[in-house]
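Below, subunit A partners subunit B and then partners subunit C, in two separate complexes.
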Partner chain A sequence: MNADEQKVFEEKIYAFVGQEVYPPTPAPDDVNLPMIRQWAEVIGETNPAYLDPAWAASSKRGKTIAPPAMMYVWGQEGFQVTRGRAPNAQSNLVAMFNDYGFTGVLGTNVKQEYFKEVSPGDNITIQMVIDNISERKTTSRGTGYFFETLSTFTDQNGEVVGTQRFKVLKFIPQELPAAAAADDNALEVPTRIASPRGHDNGWWWEACDEGKVLIQRCKDCQTLRHPPRPMCGQCQSMAWDSIESTLEGEVLSYTALRHPKIPGYPKDPICAVIQLAEGTNIVSNIVDCEYDDVFIGMKLKGKVEQVDDKTMLPQFYPA
Partner chain B sequence: MTDYKTLTCAEVSVGDTLEAVDIDITTGLVVCGALATRDFEPVHHSKAEAQATGLPDVFMNILTSQGLMTRYATDWSGPEAFVNSIDLKLGAPNLPGMVMTMTGEVTAVDASTGRVDITVLGENNIWGMHMQGTVQLTLPQEA
Partner chain C sequence: MVANIKDKAVIVGVANTEFSKNSGVSELSLAAQAVKGAIDDAGLKPSDIDGFATFTMDSNDEIEVARAVGCGDMTFWGRSHYGGGAATGSLHQAVMAVATGMAECVAVYRALNGRSGHRFSDGVSGDIMTADAIHWGWYMPYGLLTPASWVAMFTQRWMHNTGVTRDALFEVAHSTRQYALNNPNAFFYQRNFDRAEYDAARMIADPLQLFDCCQESDGGSCVIVTTPERARDLRQPGVSVRGIAQAAAADQEQMTSFYREEFAAIPEMEIAAKNCFEMSGLTVDDIDAAVIYDAFSPIVLWQLEAWGFCGFGESGDFVLDGALRPDGRLPTNTHGGQLSEAYIHGVNGIVEATRLVRGQSRNQPEKDVNHALVTSGVGIPTGGALLGKLD
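This part shows the complex of A and B:
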């Protein structure tokens, strides 16, 4: 799209601002306890202000109310939307974006404000307009425009009970969506990052898989070394064997990884440099302990444990 | 009758945290949440339609997320709180098999009006942030 084409396109889309998506439309049913109860059961809501008329009668309100988050529910169109929705200003705007390649869609923000509580017997009317459309934006998802609808909810007396602003990004997808690419069981619970197993350290991780922490030992001068490497730092011998650690250790240094949370890892893991009784150091996690209780010199006892579906790791506990 | 306590404005301070709550995202919660909010968009009850959009399964609709966020705030405050607003930013979808952990913190308290802002984060264990935002409540000045 060159600058002139963009100008023509933007004139067309900005003409939608102010257009009505839904003229004022009363909900087919009044606010009612059966729908509230069904909603509350699913959401796990036990608030007596919604569900318990006896409690509500003695409360400050004197009667039950509808959950505020149900405000948009009362006017929903119903099952016929599975067969498509009647065209309106919003669907026409979306179609125009699609025609110009802005086929991506992403709801980004929704804000509901409530001015008045509603109760069973009240009837909610919704009116929705296209309130604003942004200038062209470059986002991490692609180039596009944000448009925002504004819904206004009124009761049977014409009093405004609340509003909703819903912001949607229409954008040019950076890569073509894989058509029906998703398949069953694609949802894998993330695990820790797999250990890098090379020629010089694969043996160490394989022992870890078996529940053992080994320490490499020079066959010539008996010096222990960790992490694994091909040559002794003392005598340059490349001959080595290993001993098994007892996993008794002491904190040399520690920190907690606060941010960001990494998928597959516990929140705020405590990471420490631990000196083992054998003399070498190992970097590992301290578990079963609050960060504030860790100190330099703290005695630890390690265990090799399965920490997720795929990973065995040494973890250290307060001794 | 069960006695329900509602926090008063004086009992709340900036920095107070809400106890974390884990929500198991099941097919039942996604589908029944969509139906309980009368949201019959096929992506919320038909796996085939959801897969056609590139996701592995049906995903939670926004109205259910709003319900869960409000519930989290009012479970903490008690039933006499008035909900002023819920303002949420949408992130990664919630799909069956995930677990969403909700955490919250009081970020503003206005003693003159009783208004309290609670920032809430709903993070699932697979894709991270599902929703984050602010619920504003008005708490009673005195019990």
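This part shows the complex of A and C:
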């Protein structure tokens, strides 16, 4: 697509902004307890404000309310969707993207805002418009455009209950090398970030893979050192061997990484600086123990364990 | 032995860009804006700048900044390593260049899209393969991945050793936010903040909660350094660099010096302090105000002890006596600090320390500020500088 063609194309797609996807349409069913119950069951929601009419009647609201996140549920089209839909502004826009090669589709985010609670007997009307379309963007998935629909939910009195914004990326899929494509399809579980392995540290991690924690020792002056380094800081000798740690240790300090959450790691991992019985310090995890039960001076016993599909690590338990 | 370059270099121009969470412009644009702002503040022309100093972490090449701003020939550039440890380190480069005549007007800059671009809180990752990555490899697999988690490890042990409590951390976090109330360029400008909000905030890495942590920020800051002779002809009152030092202490790692005899300590800053005092001929009693690097609240306390404002373990009582406040012994981080103005890797702190000596802070203390201290980040190789009025 050259610059002129792109201009023509963009004029066509931007003409969709403001168009109605669905005119205001009342939901086929009023808000009702059976649908609330089924939805809550699937989600794992147990709030009696949604589920226990007796409790709800005695609450400050005096009545049952529907989970706000069900807002979008009430107007869902149901089984008939499998037989196809009548064309609308959104399907026409998607078709135009597809015609120009933007065949990739990725829902990127949904944002709901709630303004008013609804209860069984209320009826929700839904209206959807194409709210905005971005300029041309280059993403890791490929070049394309984000478009966002805005749904507005009103009750039988015309009062706005909430809104939902749904953003979709339509893009030209990049050609993936076969291996990468295979990777992309595999359901890959994230693992911990591994240490790079170089001359000075690779041997330590290879021993760890085999279940051992080693401590580097100067062959000349016998000083232990960790983390490993190529030269002894005491006598400058470059000759070294190692001993295996018994993994008896004591907490010198500790913390738990609460935020941000890092994919591949357990929730709120407890990290500690641990003084080993041999005298060197090591950073590792404390497991099988609540954060509040950890203290400086606590005795630990470690073992090397497989912590995920790819990672062997020393982990320390209360002794 | 410390080379004495006392009063051989003078800060004559300072500037910050707007600080934001999404600058919408490139880091080069922020650098160029900051440098141009500082040149204007000094009353210099772009063609007067013949040297640059910045951080190894800065993404803006000196020649790109020079072209963007329209500077001319360049005879010096130098970078300082170790994250926020380079704050006064980059000033150190500039001061050495001016003192030795390698350059006459050096712009010290730092510009980053620290919120909309690469975020420090994302932590380190295994994607990089350098000698440095080998070092992070001792921590990454366990989840000790972020600056907050590294500082938390020091803080937990230091609080255990000293008995200093969260009350002192709150005083640091709160006093800077009180200053920020008056600073329109601060994220906490006119934003109320109290103990209840502090205590209720989410935990980041125990014992550090949200408001113990600095602002991830987009922005740039710059200071211009030149000779005393030239400084006297310029627009602003000159702020002379009386003493400046960098230091790394034995057994130093980057943020993870966990292998020392007692690791809840910052011996490198004690070295920097000693050398700054020796170069300047000043003592701790001569320091009237300070900008102390505050990526996290507890690190301000350790630095107060390292510079000798109080003894080991006494910084909690020192700040709880109100020392950091406008009428206290040591008005500190009067711009709001990095906790509440913006995190520009400490270079906005050099801007503020300069303004304190000029008498131009938004929160200028009532007393005369003859000398101000400014420091770099700690837990890493670090440094500091003592600034005074140009004679």
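Methods note: the second predicted complex is superposed on the first by the 175 of 319 C-alpha atoms of A that agree within 3 Å, B and C clash if a C-alpha of one lies under 4 Å from a C-alpha of the other, contacts with A are read in each partner's own complex, and residues count from 1 in each chain.
The rule is short, and it goes like this: a contact is a pair of C-beta atoms (placed from the backbone, for glycine too) under 8 Å apart; a residue touches a chain by one contact, two chains touch by 3 or more.
Note that the coordinates shown come from a computational prediction; the quantities given were computed from them, not determined experimentally.
> As a test of reading the superposition: which chain, subunit B or subunit C, is in touch with more residues of subunit A?
B
> After the superposition on A, what does A:311 contact: first (subunit B), second (subunit C), both or neither?
Second partner only.
> Between subunit B (first) and subunit C (second), which, if any, makes contact with A:8: first, second, both or neither?
neither
> Quick one: is A:280 in contact with subunit B, with subunit C, with both, or with neither? Answer first, second, both or neither.
In the superposed model, A:280 contacts subunit C only, not subunit B.
> Is A:86 in contact with subunit B, with subunit C, with both, or with neither (first, second, both, neither)?
neither
> Could you tell me if A:107 is touching subunit B, subunit C, both of them or neither one (first, second, both, neither)?
After superposition on chain A, A:107 lies in contact with subunit B alone.
> Once the two structures are superposed, pull the subunit A residues common to the subunit B and subunit C interfaces.
none
> Where on subunit A does subunit C make contact in their complex?
Of all residues in subunit A, those touching subunit C are 192-198, 200-201, 205, 226-227, 233, 252-260, 262, 265-266, 269, 271, 273, 280-281, 283-285, 291, 296, 311, 313.
> Report the residues of subunit C in contact with subunit A in the complex, numbered from low to high.
121-123, 125-126, 129, 131, 133-146, 149, 152-154, 156-157, 160, 202-208, 251, 256, 258-259, 263-264
> For the complex, which residues does subunit B have touching subunit A?
Within the complex, subunit B contacts subunit A at residues 1-2, 4, 23, 29, 32-33, 36-42, 50-57, 62-64, 66-71, 74-75, 79-80, 82-90, 95-98, 123, 125-128, 140.
> Can you name the residues of subunit A that touch subunit B in the complex?
35, 38-39, 41-49, 54-55, 58-61, 67-70, 72-73, 76-82, 106-114, 117, 177-190, 261, 263
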